[in-house]
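See the structures that follow.
You will see two complexes here that share chain A, one where it goes with chain B and one where it goes with chain C.
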Partner chain A sequence: MKSHLISAGDLSRDDALLILDTAEELARVSERSIKKLPTLRGRTVVNLFFEDSTRTRISFEAAAKRLSADVINFSAKGSSVSKGESLKDTALTLEAMGADAVVIRHPASGAPHRLATWVRGSVVNAGDGTHEHPTQALLDAFSMRRRLGRLEGLKVAVVGDVLHSRVARSNVLLLHTLGAEVTLVAPPTLLPVSVETWPCQVSYDLDAVLPKSDVVMMLRVQLERMNAAYFPSAREYSRRYGLDRDRFARLHDDAIVMHPGPMNRGMEISAEVADSRRSTVTEQVANGVTVRMAVLYLLLGGSEPAIGGAE
Partner chain B sequence: MSDARNQARAVLEGPDIHRALTRIAHEILERTKGAQSVVLLGIPTRGATLARRIAERIAQFEGVKVPVGAIDITMYRDDLRMRPARPLGRTELPAEGVDGRTVVLVDDVLYSGRTVRAALDALNDVGRPRAVQLATLVDRGHRELPIRADYVGKNLPTSKTEKVKVFLEETDGRDAVVLIREDAARDTQHSGDSKEDAR
Partner chain C sequence: MSPGGTAKRETGHVTGHVTGPETERDNERDAGETGPRGRAVTTVLIRRARVLGGEPRDILIRDGVVAELGDLSGTAAGLTVDADGLIALPGLVDLHTHLREPGREDAETVETGTQAAAVGGYTAVHAMANTSPVADTAGVVEQVWRLGRQYGHCDVQPVGAVTSGLEGRQLAELGAMADSAARVRVFSDDGKCVSDAVLMRRALEYVKAFGGVVAQHAQEPRLTEGAQLNEGEVSGRLGLTGWPAVAEEAIIARDCLLAAHVGSRLHVCHVSTAGSVEIIRWAKSKGWDVTAEVTPHHLLLTDAFAESSPLGPYNPIYKVNPPLRTQDDVRALREALADGTIDCVATDHAPHPVEDKETEWGAAAMGMIGLETALSVVQEAMVETGLLDWAGVADRMSVRPARIGRLAAHGRPIEPGAPANITLYDPSARQPVDPGSMASRSRNTPYEGMTLPGRVVATFLRGTPTVLEGKLV
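Let's look at the complex of A and B:
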């Protein structure tokens, strides 16, 4: 039996809570002087990154190392082989190396799903195209629960480039599972076609949503994925959908501001807001390591995985 | 439940557990010359409860406030790969830490000794105690490692086919140590103490 973490939608409520609770205990390990556990000794985790990433790759690497796993970083950037073939060839190489888990980031949506049919180990999706990024959603939920003490009934606004955002999709699925109410806020051009089938509300008006929100999650405007004019100008986008000082002042006193990073300061979020005490941006990075430790532990720590969909 | 399967027998009742913990508290005070620089660390879940109870008694007898905590050993087990990944228990170290102190590990049942070995490894990662001692409510024998308890509530001769289950007021609503025969044990496995099942 094997198990993967490819979509946040694969996680049941119990799975998701088990990951968050495990992360809560593991967070204490990060506070002590010896931040290492022997749990995954002798297991091999391969980081397979076909796309640029700083925090996610480093975060997975730190998580695996803190659990004493052997880490192999496989940066496939610049490969000239056609996409489908190279992925399968790579998969066969990983098989030969005896990878117990493959953490994959790929520009094509669905690549981790495909990979899962070729390798024996667990596949963890670290972001595939505009599809999903489940561990980001888990660390976001973890950060919210740590700051606000609960997830059930929380009102979460996810603001910005939903169309190109795997973070938004994973967050909507996971937060819905955990009982939070998500509202997507974006210009109509930056919402996916089938958004009405997602388990969330949709609004085009940030100013109407802000005062009712407990969490405001700003998404990065993904200029590198934009090959058409989705909005008239950066300045106009920023004025209608950017979180600046005035809008920040309209949030209620306990509300928090999140951003998955990397930030375009001055575009979707002003520097002042990003650096305020109610912003969780740096906490999210620290929590990322703990949550990924929990995921790796629960997938690899026993005779069989404790979470996720079996395949 | 039929009579043949209903072979659970209480070997310690509430007052017996009470007396055993009182004696252990006195013995700790005696052996450590007043429990100065002692830290009690319980192994979750029931060991942690027992550690708190022992600390209460020490405070009551001699007015010494002994730091109490819990140390989870799940990530240090030697049988992790034999079962699905388990949920973690809570590790709570007293603010004073363990460096240079006498740590008394507290567990409910001492059996193979593997839990205690894992606890020693876990302890090694959080500091360097001056000495480590072991207190257990029940020692049921069948050691698989060279480990011995310093403070024992009750020595309980058992067969390997039996199970020992500890119930405590705080987690289970009553105090009792129950010995369960194998055929009956199978029925209670789901509700049972997972630490026992793991052995």
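Let's look at the complex of A and C:
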């Protein structure tokens, strides 16, 4: 594996499978009463968050702590960043403190690439602007494989605001690498102009795609998009692209429903679908910790097996 | 430092080599004319220069004017320059330079910007109006003009703002700027588009009274809110807000129609798309008075550099407005420059301090420097591809921009009686682009790490050398 995890597109099939398999091993730790491994003792992981994202930060923090790493949380609010310190100076500060890994969430696409040019430690992209969120894609793939037993040949529909979604970009790249077939479903306004060059199918018609799908991944739709005329109203969006009870009934019996959270219940997903047994929403959260442990372990822990003797 | 470095140097003379001090008598005898930089040079003999790439000839300059061409061996001169193997071009003219003074002297000053221009072979630059304060009054344009004269590295022709404060609300005092000592003829809100159709119409009409031209930065503002990179495959993959070609093309189409309607002259800044080329070609076919420029970077680079380059992905050194486009656009722009649809090359030299570029893409300033590399980039993109010969380069980088800017003393053929604004260029050189050695105060060149052909060996402004042996005089 490379020394950073910035784009899901950087992962070879073998890299991706190694992470998922490592996560399976580490999942066993999460089932123990004492959930801690000594693997990263003495290593420092910095959570550098320039956007509010309690969920993702906590997930990375839990992952690092379960591997016994020292965790420093650096939030942009109330820090020197809000006083105008540049990303570069922040990076040099972390470098001077000896960060072994920097987990970065940033509102600007490409910020982790820039960070990686200024620090020696590993950079893990925890979401950059409207670009990528590779650990989300990894935990999604992990969740699919756990539920459905395979990834190769799976038909995955990703529905919603693809244009602004880092989750969609990372999922398309990773699932393509792993042999799944992705169909993006969205109104034309919420698809990038050259989406036909992506390694996936594209449809404007959710009803046509649903019956053929093994996985339906609903993306969060932000209401402010309505004001920018991406769609006329929340109701219309929901009617055309929301996963409600009627559409849910058209899925085949083994199909699962995913959502990266946080959900807009009643908008892109109805409450009963979100809470159904075929929804993986809470599993995704739990799997997030496991997969991020695997990523930190593989980036920082070298090639030793995750938990004694396997491999 | 050996200037050219390659072939044809065995004669013992170094290209561009100067023989000066021992001819002091000539200087004394001809004393009286003092160059802009206070250096007394009255006669200059340029030996064996290939004017516009033709057969080698000697050029004698006397009192700032080309006096004689031909075989002039044995002629005494205050300064003799051996130009064997070098091409002589009329001094280059830039229609689009950001000198940043007043206001952002940390990025560039009139002094450093005109030094960069001279090193790049320019003898005149048009200084854009988006300074702080904005060049929207006679006072500011005169200040910039006077600074240019004071330093004397090249002529500085200020561009006046179209609207007060570049705010797009009311016309600036265009007539006062035209009547000032700076004699402004080109007006532009560059950096911002005059997007209000009525205001644009009025500006086009108004400047007719003094032979002015409106140079439009064509960018429909609503279609480009938050825009970061050409809207296309690369912006989609990188998750950067797209800057669609249509936002440029729609304004150009509208402005061509407006210019035709009111019978005015329109100049289109930094054309960047194949579609814009088609519209301008159509407008010219109608006989409308529309001219256009293209930047060196739009002739050579594409948006692919934002994703993958020797300097790493998302490196804002490639962030510029209008953005780098696609290979198809580059091809169309080169063809349009070759066939004259696009009249000239203009650098859009846009200096920024390091801290405005060493950031994440979205936070970085837009723009790149270009004065010192323009001729090399044009050689690479246009000459080595067979699209332009050296006469064509002279036409697109000197003759036509001087005509558009109404600079009577520039862009003249190198022939007796013409002001001696001359650039000597060695097309056989090849050198890596080194930001650290540039004369500009800023370092934001997108060509860092590339090797480009050619090298400006000498520049003469009205007969006075501003650059010799590749170095500022």
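The definition used in the following text is that the second predicted complex is superposed on the first by the 287 of 311 C-alpha atoms of A that agree within 3 Å, B and C clash if a C-alpha of one lies under 4 Å from a C-alpha of the other, contacts with A are read in each partner's own complex, and residues count from 1 in each chain.
By our rule, a residue touches a chain if its C-beta (ideal position, glycine included) is under 8 Å from a C-beta of that chain, and two chains touch if they have at least 3 such contacts.
The shown structure was predicted, so the numbers you read here are calculated from the model rather than taken from an experiment.
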item	value
Chain B versus chain C as contact partner of A:L37, first or second or both or neither	first
Partner chain(s) touched by A:L298 [first = chain B, second = chain C, both, neither]	first
Touched partner set for A:L18, first chain B, second chain C, both or neither	first
Touching partner for A:E236 - first (chain B), second (chain C), both, neither	neither
Chain B versus chain C as contact partner of A:G110, first or second or both or neither	second
Contact residues common to both interfaces of chain A (with chain B and with chain C)	none
Of chain A, residues touching chain C in the complex	86-88, 106-111, 113-114, 117, 128-132, 166, 169, 192-195, 197-198
Sites on chain B touched by chain A in the complex	72, 75-76, 80-91, 121, 125-126
Residues on chain C engaged by chain A in the complex (per definition of touch)	228, 231-233, 235-242, 244, 312-315, 355, 358-363
Chain A - residues contacting chain B, complex	18, 21-22, 25-26, 28, 32, 34, 36-39, 67, 297-306
